[in-house]
Amino acid sequence: MIGLQVNGKLIELDGPILLTDYLDKLGITPRGVAVEHNGMIIERDAYPTTTLHDGDVVEIVRMVGGG
Amino acid sequence: MIGLQVNGKLIELDGPILLTDYLDKLGITPRGVAVEHNGMIIERDAYPTTTLHDGDVVEIVRMVGGG
Amino acid sequence: MIGLQVNGKLIELDGPILLTDYLDKLGITPRGVAVEHNGMIIERDAYPTTTLHDGDVVEIVRMVGGG
Amino acid sequence: MIGLQVNGKLIELDGPILLTDYLDKLGITPRGVAVEHNGMIIERDAYPTTTLHDGDVVEIVRMVGGG
Amino acid sequence: MQTVAAVDKLVIAGVELRSRLFLGTGKYPDDASMLTALEASGCELVTVALRRLDLDDPKKKTILDVIDWKRYRILPNTAGCRTADEAIRIARLARSMGLSDWVKLEVIPDPRYLFPDPEETLIAARILVDEGFKVLPYINADPVLARKLQEIGTVTVMPLGSPIGSGQGLQTLEQIRIIIDEASVPVVVDAGIGAPSDAALAMELGADAVLVNSAVALARDPGLMAEAIKGGVEAGRKAYIAGRMPRRGHASASSPTEGISRPN
Amino acid sequence: MQTVAAVDKLVIAGVELRSRLFLGTGKYPDDASMLTALEASGCELVTVALRRLDLDDPKKKTILDVIDWKRYRILPNTAGCRTADEAIRIARLARSMGLSDWVKLEVIPDPRYLFPDPEETLIAARILVDEGFKVLPYINADPVLARKLQEIGTVTVMPLGSPIGSGQGLQTLEQIRIIIDEASVPVVVDAGIGAPSDAALAMELGADAVLVNSAVALARDPGLMAEAIKGGVEAGRKAYIAGRMPRRGHASASSPTEGISRPN
Amino acid sequence: MQTVAAVDKLVIAGVELRSRLFLGTGKYPDDASMLTALEASGCELVTVALRRLDLDDPKKKTILDVIDWKRYRILPNTAGCRTADEAIRIARLARSMGLSDWVKLEVIPDPRYLFPDPEETLIAARILVDEGFKVLPYINADPVLARKLQEIGTVTVMPLGSPIGSGQGLQTLEQIRIIIDEASVPVVVDAGIGAPSDAALAMELGADAVLVNSAVALARDPGLMAEAIKGGVEAGRKAYIAGRMPRRGHASASSPTEGISRPN
Amino acid sequence: MQTVAAVDKLVIAGVELRSRLFLGTGKYPDDASMLTALEASGCELVTVALRRLDLDDPKKKTILDVIDWKRYRILPNTAGCRTADEAIRIARLARSMGLSDWVKLEVIPDPRYLFPDPEETLIAARILVDEGFKVLPYINADPVLARKLQEIGTVTVMPLGSPIGSGQGLQTLEQIRIIIDEASVPVVVDAGIGAPSDAALAMELGADAVLVNSAVALARDPGLMAEAIKGGVEAGRKAYIAGRMPRRGHASASSPTEGISRPN
């Protein structure tokens, strides 16, 4: 069991997980989001090689209507 | 008994009356009002010689605050 | 010889003349103008029966650009 | 003979001179001016001990009407 | 918009007009630019004036020869008249030409600011309405005067925005707002419009139409300005129908205020 | 006008845009009305915001799914950011999505009037321009700030007319006039536009474009209002090119002052 | 200023008035605040209305009992009259009280905006002037109407700035400017003044006086507001005499641009 | 009003000032008219500039010799400075004269409209406040900039109404209203005031003081205009305290609407 902070919420997972797999779990395509991992922005091609560990802080943002 | 219309109201009096006396009855001084009698404006010096008869129409106006 | 006042100018003609003929002389079609004869507006159908005499006052107006 | 730059102008003097003496020469009282000597602002009590040497750059400013 | 255009008709004196922009024909550099402007404006109603025939050149082309009147509706004005009598006479002369019984009533004693005379305008309007004219009176932006004219039976009221030919826009905005608010006949804002924003503003207030001349005739490119003002009129009308947002004293964010991501 | 349209292109950062109206995508009653408004507006550039993914509903459709991005160009904003650091971070996150390297830079510490911070905006602009972003900064109508930003290399300046979402129009007109007068990059009037007359006025002053959101989204009929504001923008631009008449203190008759016929 | 005051007299109908501020007596919270306001305003001319005596309380104190008329000059109005006939009757009744042959002529058919009727006002003015009244007509800001009234012989014209009691200030500024420009009798701006800045602006334009009621009566502190508006009137008049600086499109430094000392 | 004056003090940096009108000393026709204006204005705080001594005429009288500084408080400005460095240097030079540690901070890179640089103004303000100066910054009407300056510790903020010396009045009214609404230090409206009505309006909005120069110096009669603007400032302040009536969209009669007597 590991704990992450994602978008300000505490999330429990069975263990370390690749960012791509985590997005899969959420059921979203990388295309629609941007990700910050421990304060670093992750370019899309780095998703498959980025592993989320216990205590990591993740921000996942998407586009919404705005002016 | 006679009936007058004064400022739109029906007024009953014992009989014909001089304008000056009627104003006295009301307890007001001629100085503060203007009077129209049967559609004619009565100058102040004519008050003592103006008699109100049955059926007459009288308007008595005074100054009030205004812009 | 007769003299008319047309649009404020003194005009000399050989003699009395029909309004239609006078307009012909000017080379204009009745369609484009309106005529006042001695202070009276002449409807178009009365042009052929309207004679201009010595001393008459005529106004001939047309449409121009305006706002 | 020494040369100074004062308020952007080249000034020739017989030799090094105290700031107070130079202001005297100009006929002005220290009270009405402020002085910058080689880029340093000189407080008034330092005028008597400040010597102007060859090549020094001096700015002397005064108050004028302004908004 | 089809749907809007379909339901949003301007009707004056029972006549449906295809445009809410009325155009004047004075002061153009030349006939060509005037015709280009008329075309570009999309207007139907076109104002003209009456003047004496020039006896020294009676055959000179007139505006009747220049404009294709199958495509435009003529609106004679009484410009130049200083009294009710003068205006009534010119209206009658105009009607005797058989082109229209409409008249833009102008009674203007004042040469400097060209403001109309309210009393003489009322006198002339009463007589001309009695004689069956369709009267479109040019007035200062006086709500009581406007109400009296529509009670007399004028087919519009035409309050001014600012002096004729001044291009100052809607100096009288607040009173025009009130005239529109109280009107039972079409309100046409006449005089002062200098640019599309002025025309759009008039229409947003709820005006039924605008009458423009100088802004087009005196533009560097009259044809393009006619098209521009046409656009302003249509835009303003659409906004009036679309229902504008309320004005607010404070701000209101356009982007969501929740879910903001900040550095951890 | 073909001829005008042909020569009158808006180019920002080397990109030619087909419309001088930019539209925001916030605050619409629903997606359908937003899409209708986008269509009716004819706009190409469309602003969006970045917000956290909702972990409770991660699959929810986003604006990326709703809008056909083959037809519109996306402009991410930094709305919600209060400092340069926050804005830089959001700009980088937006770019990392690979949709655009343009960013509408908003640094807004003030929740009530949503006015931007000039100093933080300059700091963020310097860094983002260095990083190759195409920066479109939202600013108060401060001519010196505008000049400094264009010297830094922003691709536009976007002065506000009045507070975001207030619909008060061009309260800052005189300063916007000066910004336009001095600008070497396109000037986009952003915030405050409430109706077509506001948009037309901005364009008549010489603005290169306007950005609108609330006026459309909060109208009773957003689609029709989008069309109305499109008309106002185009009308104002045409008027700017056509060259408006000068304003005059006095009147100037539209009908000839000679040849007037009066009763004898 | 002694010198100015000495030469700058307001004279109406041959009577020299000590103040260019006229005050109304309606709508005060109570008599005490009205008397304080009258005192603080420094005014001489004071408007009053005529109303029916209340037969249920005929002895009730009237404004004639409350105000010390040795210190103020009374100006009866015809407020409440909708036609010329009604106004003429009230004017005659007022004069029959022997207090004044001056009358503030108001003919107001419109209950919502309280705008006067120009035609009925002209009719009443002609008759009242013939009967020897000194007529001060309340009018909309119509320069032609103003000119006709002064030709009839009214002793002032009193154009409105905005609706009575609205406090909206000089919505009709441009037309008031023209009325002043053309007037040969004193111009008194009446209605709409809400604050000293409005009063000062009217006087700076060249108005001869202003008439105020609601702005004072409805202020939180009527006495202090009366003093404030008195100050605004006097300041505006002095500025008119002192000759204001011209407005400029650009800036002009207040400090010298030569002799600037910069770091070497 | 004694009572009001008694409680209504303007205090800046712990110093109580006897007048809410600050006067500039530039651009007067001559010293005599300047002194008359200073006297008539009733002001206490007076701005001056620093310039190089003229070596060709070093004994020439300066403003220090002309004005009786026992009666006025001097406020040196940094006019002519284009950067923070230049302004800091001039502020230090001014203070070294031992007359005051107050400084009117102006950092103006723009010669045409004389608008200040917000970023350089912030930089200079931080340093000067650290050095113990009492800083009165001249700024564009930017509410965020104003808030940041007061957080830095400036003793006032001085937003402009319109360009220096333009006499255009309060073009930035809405933003000044917001600055006042949010300010925790005195707000002094500086630049653009052209007449008493402008000054009164600023004070009615709640400004704590106004700074005027051109409007007085360039008036036909500077002394009388100084008195006029003094009157406008005091009137506006009194109105602010007295609490103005609300603005209304409709009219509201000043005379009673009951008891009206009409012909029978």
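Residue numbering begins at 1 within each chain, and the chains themselves are lettered A, B, C, D, E, F, G and H in the order written.
We take it that a contact is a pair of C-beta atoms (placed from the backbone, for glycine too) under 8 Å apart; a residue touches a chain by one contact, two chains touch by 3 or more.
What you are looking at is a predicted structure, and each value in this text was computed from that prediction instead of being measured.
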When each step joins two chains that touch, the fewest steps from subunit B to subunit E total 2
Looking at A-F and B-H, which pair shares more C-beta contacts?
A-F
Between subunit E and subunit H, what's the gap in Å when you average each chain's C-alpha atoms?
46
Quick one: report the Å distance separating subunit D from subunit G, using the average Cα coordinate of each chain.
63
Can you give the whole-Å distance between the Cα centres of subunit B and subunit F?
72
Could you state the distance in Å from the CA-based centre of subunit E to that of subunit G?
34
Where subunit H touches two or more other chains simultaneously, the residues are 24, 26-27, 47, 49-52, 77, 79, 89-90, 93, 112-113, 115, 164-165, 168, 213-214, 253-256, 259, 261, 263
Can you list every residue of subunit D that touches 2 or more other chains, as numbers and ranges?
7, 36, 59, 61, 64-67
Among the chains present, which pairs are found to touch?
A-E, A-F, B-G, B-H, C-E, C-F, D-G, D-H, E-F, E-G, F-H, G-H
Flag every residue of subunit B that touches subunit H in the complex, lowest number first.
5, 7, 36, 39, 57, 59, 61, 64-67
For a test of understanding, state which residues of subunit C touch subunit E in their complex under the given definition.
6-9, 11, 26-28, 31-36, 41-44, 59-67
Taking the complex as given, what residues does subunit G use to touch subunit D?
253-256, 259, 261, 263-264
In their shared complex, at which residues does subunit H touch subunit F?
109-110, 112-113, 115-119, 122, 140, 142-145, 147-148, 162, 168, 171-175, 178, 182
Write out the stretch or stretches of subunit E touching subunit C in their complex.
24-28, 34, 47-53, 55, 58-59, 62-65, 74, 76-77, 79, 89-90, 92-94, 96-99, 164-165, 211, 213-214
